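Labels for the chains are A, B, C and D, by order of writing; each one numbers its residues from 1.
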């Protein structure tokens, strides 16, 4: 049995832990051989492979990123893409494919399996934690940890200068990183894409915080948006889809808060540091278990499925079900956390 | 409504986060007043209280330990203990009690409620993660993170000198910290109390690691034990219960490995650093949610229950059920992880 | 003897360590009393004081920021500022003043002492490490550590996507943070304000790095500037002094590199996280020793001086000498480090 | 020109940074070739070499330990050792040798140069910071940082249980790590090998700390010793030289404090975690500069010298001078820090 492995989409701490677990168990327990594909779907599309064995995965557990490289190449949008992948897999005598990635990468795997009979097993990966069908995804805990540490640091500078500090974190469509790091970091306002925010309310929270003689920290997900009509975003802070541009909302918000409350406000955009570097212990544990169970699914012939976390168990669910719907922060949870605002 | 709060047993990162959440929500949403009891059950027993309000819980979220202090005082073993507690609560006009603690502390709360009608809500706390009825307890993730970072550091020193490094971590009755940190740290052997170890097997794993030209890391829970008959532990490494004495098994193991394999071996006993200091973001999230839900249980009149994590939800379960049985590592999970041994 | 203490300018990890050392030694060894002034020179100017004793400084050693608050208020630019300060000090019976701050704060202290006879002792503080007369200032090591950790994290994301990552760090007039963190983080290009950079050279280094099949990290100080004539910066990236606007150069550089090399480039602006949070062990050591020696200077009647680090010794130098000239990275040191570029 | 490189003695964060700098500058600027010797002096003694070039040093900057391995082999104690080293160097056409190590390793290099004409350049390495002729050695800052973080963590557990926590850190002959980490960590007692301690005084400090309602942290260097006559150490805590055995003084001290003050006391022995893992930014800077200057010394034909830090400069000093005398904590500095005891 020869198994192909690829990692697609944005990089994420824990990818290497998955690869290592897949290969270690596959080689040692089942005697499988492996083919690494470079840069996500570009690999099988262009037959760009790399040898993958016990030696290649030594020492990679604590390393961020992915030794296989990644890309956003989508074979469904490439002329003749599917046929080329099938041909290349056949040529390389690859019997099954483990695709590690987010909504897009797994969506391709689901169609390859469901419509073209390619034997795929999925491993969910999104730093934003917004894939349904799994309680958590690896990389998320690391990102939350990095953001929380940054918020911890910003408290002292906010207090020393009695300034508002706006921290923009990742989360274009879901506010999980903002919610978790904002709560863990003791933020006074947390703004997420799922709930359009009322600028007057934000300013009221900020002002009330100063009355308690403490300086406020505002955590905002990059995809958070103010309520319609209330403010007009300038063109340059909207992208071509009319969304607030990456890196835009934090700076815009600081300016508005400063203007409306008269308090000095500064922005920090955490950016790519949230997705790089060594994975947290939690993410290494989760990613490793995902890898061990993915290779078991291959052995069991359970294709078209992806591994997922349910409580403390790793289970298997249809990929198509898992990618059908974004997992967002529901109103009840946001309200639960809201007791700390202001 | 006046609510008493106490923290019992060994300290644990996240205790302050629970206290803060209880008080913030209790005061702001429900208008409750609070009485802090010092040093676990010693507080209500001796009527030793401390004022507890919004001001007292400011800034404590990222701080380890507990602002209320802790102790192992057990009122059930104190003459007339229960009556004194009931009297002191009545005198202080405390209507309900939130007890944050492990098996012992919660066991007292359960009996106070079940047998004496004291209105108690429990919040589970054990750094060892060995309480059943909850997926995880706070403090555990922090401890695993600290142990993993230590193991990461020890790899380089092991490799540079081609030595065996034995790391003894917490876990007297359950191997959760050893299992998680050992896996996350890429250990080559993990020994837990649930599975008596075979010293020959351990030495075989150690030796095989050197053959692959890498130096081995052995993670051992403080409560791990060799198989009967195989070795004789000297008196001084057994405590009065016949258990391996705290700090004993790691050093003993290093000596045995050195003697049997001829390889230099060193021990590191992580000890109290595992339970101190700022909680991880995960533990702050979990502890805060436990606190928010505990005060909701008080409001709902749901006494005799404790809060617990199930998947991503906080639920309520009878305290007595939760403390009836230790949650240990089952054989299947240990075997799953075993693919990385050797 | 009553001693006033104030902290001026931008906050910096280690300020609290200085305050604690001054007060602990002053009270315990010399029996002094203390008056804390709020928000730098605003405190003595407006007679805004806060009690400062052993109790106030408990537990502040590991905390970032300053318990006294800070501001950029300059009494020399305030009508009648000097007289008001002298009057307020006299009214509060403050005999001597310890001013902890950077060029501006110390400049005021020097003039107060030299021209108006106010008994001042200075403690140098600049996160940028650009004060002459001292080998290092506290806060710098913490900032370098934070920036280095961020660069470490960015390596894996750069490699996984074969992208250029531009990291903008603090340093408006001096490139110390960029130089130290860039070297420690294994950056492939380091750009500092002291040496105008050649964009073609930067792009050549970036391209050569990709040829070695590694992704480049470019560390740029916020005050770094391209060579004249070579490129035209758009208005909005210049501030009113014609300098590159804070947060501007990193993004501009990424765009230019992307345009010229055809490689994807991303920017991370570290911003305020570099100056917040707990000080490194090095900074706690240095700040504490500065504090101990500053109170000794008060006892010795050595006014008009500031403490400074020379090798491993703390010495005293005239404040005016120390603030006369910015300490910048000299060409030889930059060249020494240049072996790692490309 | 072919240059040999070896690392001897205990491993230390920053060794790889030195090796990388030596090779990068040697190859790129001077066109040298390199031979890596394995495991310190064992390498040239047994002609055990490893290829060393640009590729071998990629990515090693942030990694602890040494890619060359280390040992305590002493060729001066090996029959015919010197002749074999000279022969092996000649056979491998190695023109000059860079020896990175502590007192022992450098002592061999000095004799090889002074007495046998082998062209050696030294790079000082000791995690204990006890080599004279250099202000600091790399590895020390990392060790102090790790110890300080541990002490930070232990504070909260000490306070929660009102216990004494004894932290044993490295330092057999010099108390630098204890002094720096104890000061940075806010310890209440610091005990170093240079000053025999008075157990009554230690207990008085501990007791006074409790009176201020805070729990004490005692930092003790592994080589610290009580005053003669005052106590009798049991045989098993003395090594064959009559020194307190490694890991002995901390536990002994906790027991004595507990017995004499009636307060619960616990010990944490930090051990090998202090010398492993990624070097701090400071150590990467220092180690890299040492490497750059060592290869310059080779180019300049400056043999028999070692590089050293003086203030912010790297200078060259005779190896023999540097190793003649241990750099210990002098009484004045210990007294300066003593203001924080109790």
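Going forward, contacts are C-beta pairs under 8 Å (C-beta built on N, C-alpha and C of every residue); 3 or more make two chains touch, one makes a residue touch a chain.
Chain identities (UniProt): A, B, C, D = Pyrophosphate--fructose 6-phosphate 1-phosphotransferase.
Quick caveat, the model's predicted, so the values are computed rather than measured.
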Report summary line: Taking each chain's centre as the mean of its CA atoms, the one lying farthest from the centre of chain C is chain B
Query raised in the report: In whole angstrom, what separates the CA-based centres of chain A and chain B?
Result: 30
Report task. Indicate the whole-number Å distance between the mean C-alpha point of chain A and the mean C-alpha point of chain C. Result -> 35
Report task. Measure off the straight-line distance from the CA centroid of chain A to the CA centroid of chain D, and report it in whole Å. Result -> 41
Requested in this report: Could you check chain C for residues that touch two or more other chains and list them?
Outcome: 152, 278
Query - Pairs of chains in contact (touch as defined earlier), listed by label - result: A-B, A-C, B-D, C-D
Query - Complex contact set, residues of chain D against chain B - result: 10-11, 13, 15, 63-66, 69-71, 146, 149-150, 152-162, 165, 266-269, 271-273, 275-278
Report task. Note which residues of chain B are touching chain A in the complex, please. Result -> 24-25, 28-29, 58-59, 61-62, 135-136, 141, 144-145, 147-148, 152, 180-181, 183-186, 214, 278, 280-282, 284-285, 288-289, 292, 310-312, 336, 339-340
